[in-house]
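Two complexes follow with chain A in common, the first pairing it with chain B and the second with chain C.
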Partner chain A sequence: MQQGGNNNEAFSLKTRIKRLKRDVNKWSVFTLAIVFFLALPIIFIGVELFSGPGETWGHIVEYLLPDYIWNSLYLVFICSILVLIFGVSSAWFVSRYDFLFRKQMEWLLILPLAIPSYIVGYAYAGIFDYGGSLDLLLRQLGLEFIRIDIMNRAGLAFVLSISLFPYVYVSARAFFLNQANNLLEASKMLGVGERKTFFKLMLPLARPAIVAGLVLVLMEVLNDYGAAKYYGVNTFTTGIFRSWFSLEEPQTAVYLSALLICFIFALILFEKWQVRKIKFTSSKTNSTQIQRNEAKGAVQWMIFLVVFLPILLGFILPVAQLIYWAVITASTVFDMEFVMISLQSFAIAIASAIITVLFALILIYFSKWSTLSTIKNISRIGVLGYAIPGAVIAIGIMIPTLALDKWLINMLGKFGIDTGLIINGTLLALLYAYAVRFLAVAYNPIDSTALKVDNSIPDSSKVLGVGNIRTFFKIDFPLIKTGVFSAVILVFIDVMKELPLTLILKPYHIDTLAVKAFEYASDEMVMEASIPSLFIIFTAMIPVIFLNKLLIKK
Partner chain B sequence: MLTINSLSKSFDKGKTYALENVSFNLKAGQVCAIVGESGSGKTTLVRLIAGLERPDHGSIAMNDKIIASLDKFIQPEKRKIGLVFQEYALFPHLTILENVLYGISKVRNKKKKAQEMLDLVGLSDMGKRYPHQLSGGQQQRVALARALAPEPSLLILDEPFSNLDTMLRTQLRNEIFEIIKKTEVTVLFVTHDTQDALSVADEILILQKGKVIQKDVAANLYVKPNTLYVASLFGSTVHINKNLQNAFRCPLKQDCCHAIRNEKIIVSPSSAEADCEYITAAQVIKQIQLGDSTQLVLKLESGEQLTVMTQDKNIADTIYVGFNSKDILEFEQE
Partner chain C sequence: MKKLLLAVATISLLVACGNDNKKNENSATKESSKDQVVNIYTHRHYEPDQDIFKMFEEKTGIKVKVINASADELIQKMKMEGKQSPADVLITVDAGRLSRAKGEGLLQSINSDILENTIPAHLQDVDNQWFGLTKRARIIAYAKDRVKPEDLSTYEDLVNEKWKGKILVRSSSNIYNQSLLASIIANNGEEAAQTWAEGIVANMARSPKGSDRDQVKAVVAGEGDLAIVNSYYIGKMLNSPDAEEVKTAQQIGLFFPNQGDRGTHINVSGAGVAKYAPNKENAIKFIEFLISQEAQQVFTEANYEYPVLESVEPVNDIKAWGDFKEDNLSLNKLGENNKKAVLIFDAAGWK
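What follows is the complex of A and B.
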């Protein structure tokens, strides 16, 4: 028998190169091209850094930057505490106890996600204003109105937290429901009480899931523009807008963007560090459902209040305020132009949802077909856009497209063709930006359903003589339809709600509901903002409920 | 028909090998079984042959044409190899007939052909059903019909019976190979069960830790196993280590490994009745009834423990065990 023999040879450089030559195929090249295309905005920001800072940079560093950093840190810190309190407590109670209206509250707790933070911000401003809803209510009751000023940093932190806590709620609840039962039973058998079980066992175990939800929240906090602008708080994002629109200094916007990206990567590293040693979640979920304790008497009411409070603050109050305003302003706002804007919003959201899902499908399947394992890893870079704030992506697209257009106009001008801007300020740039920003939103549900299809199924198809593309249409696609469908819906909702990126990149003559709401609010017509806001909320709400039902069924 | 030459595959860049330097040939029309434990590289080997993995070294040729090597790779869809997966991998959203039709969409009279295949596997009137409406054994036969429909020159069965219970397994195995014999296709049949291999294969290839240990016809594997591992795969075997050699006072060649088949160990009530060269007295510590035979745990004179089988019903407390030198299996030291 021949022994060992070719071992050293099989992984020598020469054989590796030979194999690489054999294994590189068109799919590897396409995957790399698409990843590059999706990463372009970020690459451009990196490249632009080398052209040096703008004129006002020194001024900004001296007077504004400390404010940006301090405010962003403040928001990150306070929002973390608040969303953890709201998210974890509600998740624990609904998965551990049975009480009045538990089933309804379980999905009501997700609904705040249907309201963009800036709209929650407008609503709360209305509630606490002089002559606002609270004022009116108290005067009806014959009480003195003590004004609480919320148009500041603390108010902003509250508004962001109450609208974003469901991210933590959803991931914590998923953990409590799927992973925790046998451990809970073990703890019970060891005679450990409820409170100790929660703090000593469940909380540490759920940490990776909770931190994952928290990081999503903080990305959204740093992404926010509308609420911070309205509350007059200077953050990185408002700074980027100011340097772009008011100071008209792109370089400064680029420098701020780069700093913000560093800030976010620090957050991501923090998450990785948090879960580095601990991989608690076992891959197999327990078949036994968690056993709920039935809460009675005073305990029931206490739990009810704890769970109801975030629903009240995050959904019922803001929506009530908006409906109140909508009734007042309906006659002035609701006109033909508004209908057109709604239709434009829908059309843009649907188009970008489809484009984004196509990108996600291409990225997932091309990297799978490329047979090189490194390509699969590289393809994950394409998903990073979700971490990058919309304003930053917009700047990263604006600068190169302006340059490209200038070049095209020059070139075509020589032939006497006058085209105007081709890419910049057109729908093309906007759709591209949405795809970059929301790729992860489409990628994750598709990827997880694709993972459930055993490899042997597409493999059988190939062995039966059918190539990759036909296999995809005949076998893979029918089997991952539900994942693709939820991906389309999720991107649709996110695009409907999106504000900062749209504000920078939208074509001049096109408006979306989000932009319209923002414009009303900026023009001291916050009441009028209510109708476009409610439209966004209702379109976002229906799929949120629908998707939650789907999740529960599974 | 199939020629495999020093084939290697590693999934961790050469730290460990799933398959190392594997070479063998397969003649047309043969049924060859690949036997090995889980982790021995069986599945990797068939995936390489089918084109679902790419080799790190070596080559695979079919009908004298290279289909995979360091600089050549024929896509799986161009190889004309039939593969039946362990988990059947039927397309869940297609009917049985559509499943069988899938690989022959370009063939003339494809409907007729597909129906013929269903007739062949005895599922003539199941065409309109969906895979989940069928039993495990029926799904297995659909998978076979689907793989055979494009008339592959090589059919690979990857652990086709491991998802079935023992009773069904024997019956289905016989049925499946009845069907396969009618088609005269060359078969590569992966299993961890030696009974499966013995009952249907012309030749058996033993894989251990990614290496080919032995490839031979069944009878030879029993009589002339290459290693102790192969010997114990095809019948319970006792390793005659140094201590046992002392116990039986049978000095054997150094640098070699020796063993004896359990059924060749002679158990007898007295030393006079036993007809063997090496013999020793033993105390019966434990008797375990296993249906028609009895397992005895013995303590030899030297203090060594030994487990043997006997058909005798009446066992005294002290007995004699022994064996003859002609029955000793000798291997090179592992």
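What follows is the complex of A and C.
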């Protein structure tokens, strides 16, 4: 929205300030306030940087850093390829074709997200283990067991991809379902074949949506700790934990986190750069949904297999392994307490999903309404939280909230009111932390749908004198509903399985399923962890199925 | 649609608040009836611990509230909470972390004749800031069909050429490995420790990965002949609900190294009273209870750990491994040398 007719003349400081004054409105101020609120933990981590790295920094650079960089790059590269293959192909087929069990597969494809990656990692290790499920199965069949070693870098890339590809699936499908129809019809009328239509038209057009999903996947890949540690792969995140806890140098850990954030920032810039010239909007987003082709015969089976493979690898196999473990450990582990904990986890996850999505909506729309062009970029700082390991975020949250708590205790103490910690160790701090951590998960799908809303409709509404907020509820919201619901599902699932942050910030009386699963898994009781893991999966399935219905029904 | 979303939001918030309120009421009523509590920060994620907490609640009427996380995170949390920390007791699964907590000024010295007199001197802090509760030995698990126990002798011998490509051990980010190397630093000096770590790396059957149980499985699968593991995992495998794991554990032998000299390296799971413990008396009572006959019995029976209380017999599976001589190195040394150990691991290329 850079104005001023001819941009050729150089800006003098004076005109810049003048422009700033002209363009600042209440929305810019609100946006800044909220960005500041959400970025506070990240800022505190950033401030730590000025105190310099710990004394072992040189040691880390010498012995460990090359390995961290190399392994992280490897994971980013391989996971990108695998995730794109799994995510885009399945999204295209379920949007474009009608085939056996399509409706069920539509939501089954989201479910791999419901299993924490480290649990998928354990499950696969269990399948390929000596004395594991595959071994037993082959022995039953009288076959020789060929041990496949999955616990290495390539295996880790596979495990992460298969459990994270739904991010790409969800955002690509939202695009195919709601944006693609007119173009498809035009393409068909011009006599262009299916394959060409997909590669030459749909894929380039869906790129922003696909890349938005991919960036989420890569942030999660870089952030993974549990699976990488178990598979013996040293990445930035395992390095952060090592320097913080084993070397007892939080400053060094912060330095590594900062490097990681630069890495992520480069990814975000890359995403922005790759969508820079693509601006296509459609005012008819809602009116027509994609028309499905009926697939028949061999084609139907081929499509079925392509779509079924990621479900099999990402959901059915790991869940089958978990169920097997659950059956053999049920007598020792199962407890009615799990039902109560499931309810708690569910409530917390839904509450934080809604809060986080609200923050994302506020950031996206306030910065839109603000005429200041740089605000949008500033608001993106808020999404960095996703790239930072949960444990580091937790510390970033504790610094300011504890300071506030101490101040409150002092103030109230003067009035003779004795309180304990008000924010820390309560749901407040936990919900705040989830919002900081998962803003990106909510922001990206909403932003990529919002990008496609033709501004002329809300603009004309405003010209007619309807305020921003009313316009939003009457016009924008119905148009971006799909994005908003996707965001709610994704944040919900992420919160359900979140671990390190929950461990540090959770109140005494609240337990989540992920915490329960971890308690077992961390002490090598992987089998016993299967029951809480299955509870996570089944609890997460409910909103996935429910909201998926909302997504496709108009 | 909006209504639906709204309805979902309201319901879930109600559930969340409902939960919260109920808990608040609970704690409120408890406080009014002057119910006692003790807040535990623990790294022990073992199911049997819950039973011990329940036993304590029944016996004393003091309510046990638990925060579970890794010791590192708990220490960080206590540091930041400072004087406001609700923690009364910190429990870790190794002495290194306890002595680190002590170094950070997070624990306090306590007077308890029971603790001081019952627990062997090398298993407790010199300043009475922490106390060992259970012992675990870092032993060598060997393939019965390929290795003669006579060929095994000490940790130091594992760097011998004859074990090239035969040794399985997990990552150096694991605290049990760090403590083992810290004990070697304390006993043999830094240079010897460096040579030892390099020697083990040279003899490794594969790049370190997985858990202690996975090392044992890899021995049986034939990937290597020896695994350096903690004793209680073998006990757990022998009693696993998975029949395959039981079979696996039965195929390996246990060897306690360094019986001819300083003894086998041991570590403890231990507890200390937090510096700013709001319920100090309860905290002491709680730790004293943990070394009582009944609690120690549960530790060894359900978790296959060696009790620190000499009058309690280890459970049968453990007893079958026989008595052994343990390294009487003061466990304070493990904490002191921990960082050095990590630096040596990195330099030696032990992942």
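We adopt the following convention: the second predicted complex is superposed on the first by the 346 of 554 C-alpha atoms of A that agree within 3 Å, B and C clash if a C-alpha of one lies under 4 Å from a C-alpha of the other, contacts with A are read in each partner's own complex, and residues count from 1 in each chain.
Heads up, the rule we're going with is that a residue touches a chain if its C-beta (ideal position, glycine included) is under 8 Å from a C-beta of that chain, and two chains touch if they have at least 3 such contacts.
Nothing here was measured: the structure is a model prediction, and the numbers come from that model.
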Touched partner set for A:Ile475, first chain B, second chain C, both or neither: first
Superposed model, chain A: greater residue contact from chain B or chain C: C
Which superposed partner A:Glu248 touches (first chain B, second chain C, both, neither): second
A:Leu412 touches, of chain B and chain C: first, second, both or neither? neither
Touched partner set for A:Val29, first chain B, second chain C, both or neither: neither
First (chain B), second (chain C), both or neither touched by A:Cys262: neither
Which superposed partner A:Ala125 touches (first chain B, second chain C, both, neither): second
Which superposed partner A:Val61 touches (first chain B, second chain C, both, neither): neither
Chain A to chain B touching residues, read off their complex: 1-7, 9-11, 15, 18-19, 21-23, 371, 454, 456-457, 459-467, 474-475, 478-479
Interface residues, chain C side, partner chain A - complex: 1-2, 4-5, 8-9, 12-13, 15-16, 19-20, 23, 26-27, 39, 45-47, 65-70, 72-73, 76-77, 80-82, 84, 86, 100, 171, 173, 178, 207-214, 217-218, 220-221, 233, 236, 240-242, 244-245, 247-248, 338-339, 342-343, 346-347, 349, 351
Residues of chain A defined as touching chain C within the complex: 56, 59-60, 63-64, 125, 129-132, 135-136, 147, 151-152, 229-232, 234, 238, 241-242, 244-248, 250, 325, 328-329, 331-333, 343-344, 346-348, 350-351, 354, 391, 394-395, 398-399, 402, 405-406, 409, 420-421, 424-425, 427, 473, 477, 481, 488, 500, 503-504, 506, 508-510, 515, 518-520, 522-525, 527-528, 550
Residues of chain B touching chain A in the complex: 6, 8, 10, 13-14, 17, 20-21, 23, 50-52, 54, 56-58, 70-73, 75-83, 85-87, 89, 91-93, 102-103, 146-147, 150, 211-212
